[in-house]
Amino acid sequence: MDVFFLTMGAAMVLAMHAGFAFLEVGTVRKKNQVNALIRVITDFGFSTIAYFFIGFWVAYDINFFAPVAELNVMEGGTHGYKMVHFFFLLTFAAAIPAIISGGITERVRFWPNVVATVLLVGLIYPLYEGMIWNGNFGFQDWLSANFGAEFHDFAGSVVVHAMGGFLALGAVLTLGARLGRYTNTGKVNAILPSNIPFLALGSWVLCVGWFGFNVMSAGTADGASGLVAMNSLLAMVGGLIAALIAGKNDPGFVHNGALAGLVAVCAGSDIMHPLGALFVGVVAGVLFVYVFELLQNKLRIDDVLGVVPLHGVCGAWGGIAAGIFGSTSLGGAGGVTFMAQLVGTLAGVAIAIIAGFAVYMGIKATLGIRLSEEDEHMGADLAIHQISANPEEDMQTH
Amino acid sequence: MMKQVTAVIKPFKLDDVKDALLEIGVSGMSVTEIRGHGRQKGHTELYRGAEYNVDFVPKTSLSTVVKEDQVDAVIEAIIGAAGTGKIGDGKIFVTNVERVVRIRTGEEDADALS
Amino acid sequence: MDVFFLTMGAAMVLAMHAGFAFLEVGTVRKKNQVNALIRVITDFGFSTIAYFFIGFWVAYDINFFAPVAELNVMEGGTHGYKMVHFFFLLTFAAAIPAIISGGITERVRFWPNVVATVLLVGLIYPLYEGMIWNGNFGFQDWLSANFGAEFHDFAGSVVVHAMGGFLALGAVLTLGARLGRYTNTGKVNAILPSNIPFLALGSWVLCVGWFGFNVMSAGTADGASGLVAMNSLLAMVGGLIAALIAGKNDPGFVHNGALAGLVAVCAGSDIMHPLGALFVGVVAGVLFVYVFELLQNKLRIDDVLGVVPLHGVCGAWGGIAAGIFGSTSLGGAGGVTFMAQLVGTLAGVAIAIIAGFAVYMGIKATLGIRLSEEDEHMGADLAIHQISANPEEDMQTH
Amino acid sequence: MDVFFLTMGAAMVLAMHAGFAFLEVGTVRKKNQVNALIRVITDFGFSTIAYFFIGFWVAYDINFFAPVAELNVMEGGTHGYKMVHFFFLLTFAAAIPAIISGGITERVRFWPNVVATVLLVGLIYPLYEGMIWNGNFGFQDWLSANFGAEFHDFAGSVVVHAMGGFLALGAVLTLGARLGRYTNTGKVNAILPSNIPFLALGSWVLCVGWFGFNVMSAGTADGASGLVAMNSLLAMVGGLIAALIAGKNDPGFVHNGALAGLVAVCAGSDIMHPLGALFVGVVAGVLFVYVFELLQNKLRIDDVLGVVPLHGVCGAWGGIAAGIFGSTSLGGAGGVTFMAQLVGTLAGVAIAIIAGFAVYMGIKATLGIRLSEEDEHMGADLAIHQISANPEEDMQTH
Amino acid sequence: MMKQVTAVIKPFKLDDVKDALLEIGVSGMSVTEIRGHGRQKGHTELYRGAEYNVDFVPKTSLSTVVKEDQVDAVIEAIIGAAGTGKIGDGKIFVTNVERVVRIRTGEEDADALS
Amino acid sequence: MMKQVTAVIKPFKLDDVKDALLEIGVSGMSVTEIRGHGRQKGHTELYRGAEYNVDFVPKTSLSTVVKEDQVDAVIEAIIGAAGTGKIGDGKIFVTNVERVVRIRTGEEDADALS
């Protein structure tokens, strides 16, 4: 039964990776679409390997290297619940490179990016994941003792999203902006997306899959909570409406606004009141629009899909918001404290920022991280994959 | 002598112009999608808070090769069918064509156009 | 358990909204693709708000404004079954504007359309929904007393589809045809779809999601019925094959024919024999093709996607068909009467037609409902969203 | 409960048919996209009819022609478990023409192809399916007696995939290569795919749906096994990484490589150790790349999507691999023998090859199977469906 | 003197024509996708029961600027490679070019073409 | 007399060339996406182990009709803006235009260009 439950959750979050892929395909220029697709599926592949052989053991001290007979997975036993739990949690872990991918796209080299994926999913992410979700290093106990509660992150606003989003900050800054994005004279050149329908498709797939991400985070079918489902729904809706208005009907903002709400609601979706969730979503939608514009146009950080504002900032907001709207005084279920949420969130953000710079600077110094100017100009599709997104058509017109 | 008459027009006027030309006995024509820059200004697109100016407007270029004595009629027909009276209606250019060959038969000049 | 069951159902029907979006994106002209996408997701957003704050209360007298502690949703209680039930039923309610959207697309103004959405999902739809599915106003009792049975609409052939489809009639007629669609001289100008693969994608998503729509309408995992699944399958197949043949291999007809069968089978899918369901689907497929051509070419009603024939006519056919093929004499499970089905269906259709005209005429008179000629000509994408569907490419060639 | 379980499985495998459609749409030339879409959905329709009226009865001796009251499907009874089981197994059966479709696309006639579909899904497939999964004809008993175990094919590496893939061999050879693909002087002309993002979309849908294909093959929610989920995951990942490397970053190879791993893991996913599954996937990914190139470029077999290597060869490899990695000596759960797997696999492959030639040669001789040269040149879209994939655009530029 | 030879041909003949031109020493050419109207008729599309006539057929326009003495050879090569004998094979137009400049070097006329 | 100056340039140079022309007072221009064959070679694509040579490279053709006395300035502006010094920078062709008409007003020749 619970195997069925988690399988559905895992399948839905697996589908989200297709969502990440299409969100990126739609946003990049046409000459980088193939690369976006291959990079996302390849990252998923190497994430699985890294998490299977190292990461899951780092976070939970579990591995699967005994013969099947000893793993107690057959019908008499647990039906392999641990295995499907691995699958489910892997789809979360693999979201880390999928998130970062959107920030570094259109200029990153292929294999060095795979190395980063392995390091992040095998080591960095499980480190923090284990601290929060497995009580490793006594961090949760310390929070409990000092701030009255553990850090509550039900479905990963911080563990997954803020972690991925702020890891991307180091990655994006290490890589630098795409050619021609910002001029020396201070001008900001717009680089237009190739395909809004693909962007929207990606967003829809992510929205739908997210209900697996959140509801199935309960772990067992009997633990599944309608509150989580309703809160996710309302935060999503709050995010999309807020981004629609703040973003003046812009398709990029609307479709990412729904995701902003979902990112923010993960942490407290099991304890907030639906009205609280709606409010959290609205704030996330607005936050996304303004921080996106701030980073891109004022701070000149070329985070292509806006993953720092989307996953980083909205994720951190979600971690903190759980401490506000989860409290009984605001109609929530309680059991959280503002300070524990704040400290837990800041710890995650700090680890992410530091690790992001460390990993990408390290790779830059050793393997090189960025495409040559010529390759970037030609596009990653032809440079790395020797094929364009619409080969039949491109052969005719180019 | 044969002349090529090339008209740069608004895309949605293509069907009208084609019909007008067929009516006066023009036997063939070739059409290309182009973009034009002139007095008519392009529009502005906005994406995630960033503005983009589109400096060119979509236009359609239609050209037909006819005998010299048909040129005036062709120009008149185009003006009649393509005009909206608004800036951007386009222009007509006439150039000289020295030789025409029909690939299928090898016929030349006036014969190739009939 | 049931929370899990309904969550899956809700996620599947949520996905159907992406299906509505792509069916529309593929059918409209390229200059209106972005608007179609944004309108569908925005409608979903405002539907949620309207149904959460008003509609669910109108239909079922339930709201969620007490603190979490009092809502009895945590693990000891019902696990928030009511909440996920709200989510599930919302995805139905939100189908109303999604259906109408396909009829009024390419010329409707943005915010006036949102106002219509709120009115329809907050008031009109829940009114009839409550009458049928919650016994409000004694309508079902009256039917029982007079016609020997309640009106049986298992998964909403009439409550959702005929309602949406016939609401669209008033909307489409109020708006009028797209510029250049019909000339004064009586000519019908074809307006070609932009993208058949997107149309097909939308149809596939709807088909798959529909099994959530129908099977999960049982409400509980133990109530789930293989008969519903099989009947839905056979009606879908009947509809697509019939539309393929009647529509002479046309991609629009084939892909909508599958939906026509599914629309028609909703009402009686739990009581008809599979052969009955197959037949109902075949009739729906043929009906769709002929009524579509009749409306578009003879009656000159510019219902862009054909939602009146698809949801309206096939939905009404489904309501009535449940009274025919649900009877034991035709191998069905019985418990329905033809007259109750007929009267129930006609009541729904009448409410829809009247309300459709009332709401859209009202909005037209006050806010205005239609884009200016100039905006319609330029396309809703540039007019409302200042961006086209393929901005990178369009910047180069326009 | 189990009805819910299998409904989810069936819906997921139904979605896979959309995946087949888009994998094909993306790979063919633009002038054949509409035809690919219509052919896949039509094949699904006629498969349902054939399997409902004949095939299911051929394989399992079950039909549904009694009145509902006698079918014991209502709430007191089995909830129609058999019916949803039919639905689930139908989605497998319908995969046969969907697989073949990818090999014969761009040149096959429409209605003769439907005839082939009906013959294959109504007769040929259920024959072998019944032999393996229902013990028909005493084949399994004979294997047991002679080779120490029955032929184990948990989720259809051989029953579905090798069957479909090798049926396609006869179909492809009977049809011959597309015009201009191979010249008399021995040159191989490349025919480029139209749309890599659609190809990738198809692949992602297939990957996600596959977890329904494999996990739900357990048949009951309590039988669901985490081992199956984990093995499927690891084989998929092994396949994609291997194809990425062997295929030199090619998008076609990467996205099909994931499927190659999944094809191969079906048979033994319930008994192999995860490391075995990973290895099986890696081999499948490499096999796919090399056999594809061999068939296309050396043997000059114009199997457009590469379904013979993908489903045929990798499926057979999966059937045999279950006999290797399923054994306890390699950490598996045991209960299989290498010889039983080998013989069972070869039997399937032999039936498929013979039946493929018989059916397609027969149709060629009677109805004709191939488009006229002129139609093939114009494209199946205009020739058969009188419409192109992007009608609005094509009307402007053609 | 230099001449521009422009050929409107069937799209699938482009490769053959290109090869034929390269063979006789033509150094460069430019190609545009166009749509043509002439004796060859367009096809009809049908969508959901409504008919659409496509009045233009896809054509490819290829043009090359050559020295006057090469014109005959070029025309011959095009006729040889582009002909199918069926209506719609297309036409060749010859016009005068007064000046040619190579952007990279500033070379003019014959030098710019070598 | 009026002349048409047509420049085949690298696509990413279009904005620079347009700006340079506007600066010297050119009032309008038309632009087409073309593909060119010349000394600059196309690239190779690889799909599933099969190689495809792309024989044409994407180019942009920009043409403007100006009075004869402006031709030298226009050529100079184009050379200045479109040159990268690498093979494939493109060519400029000058041809004679006998007549120009503005569709909107019917004005002819010099008046039609102002």
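Each chain gets a letter, A, B, C, D, E and F, in the order it is written, and its residues are counted from 1.
Just so it is clear, a contact is a pair of C-beta atoms (placed from the backbone, for glycine too) under 8 Å apart; a residue touches a chain by one contact, two chains touch by 3 or more.
These figures come from a predicted structure and were not determined experimentally.
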item: Rotation, 0 to 180 degrees and nearest 5, that superposes subunit B on copy subunit E via CA atoms; value: 120
item: Copies subunit E and subunit F touch via same or different residues, half shared test; value: different
item: Separation of subunit D from subunit F, taking each centre as the mean of its C-alpha atoms, in whole Å; value: 52
item: Computed distance of Cα centres, subunit F from subunit B, in Å; value: 18
item: Inter-chain centre distance, subunit A versus subunit D - centres from mean C-alpha coordinates, in Å; value: 33
item: Per-residue overlap in subunit C, given as positions that touch at least 2 other chains; value: 1, 8, 192-193, 195, 201, 248, 250, 386-388, 391, 395, 397
item: Shared interface positions of subunit B, touching two or more other chains; value: 32-33, 35, 45-47, 52, 56, 95-96
item: Subunit D residues within the subunit E interface of the complex; value: 382, 386-388, 391, 394-395, 397-398
item: Subunit E partner contacts - residues on subunit C that touch it in the complex; value: 188, 190, 192-193, 247-248, 250, 252-253, 289, 292-293, 296-297, 306
item: Subunit A partner contacts - residues on subunit D that touch it in the complex; value: 1, 5, 8, 12, 29-30, 192-197, 200-201, 204-205, 207-208, 211-212, 215, 221-230, 233-234, 237, 240-241, 244, 248-251, 254-255, 258, 271-275, 328, 331-334
item: Residue numbers on subunit B that touch subunit E, as the complex places them; value: 4, 15, 18, 27-32, 65, 95-104, 106, 112
item: Subunit D contact footprint on subunit F (complex, rising order); value: 45-52
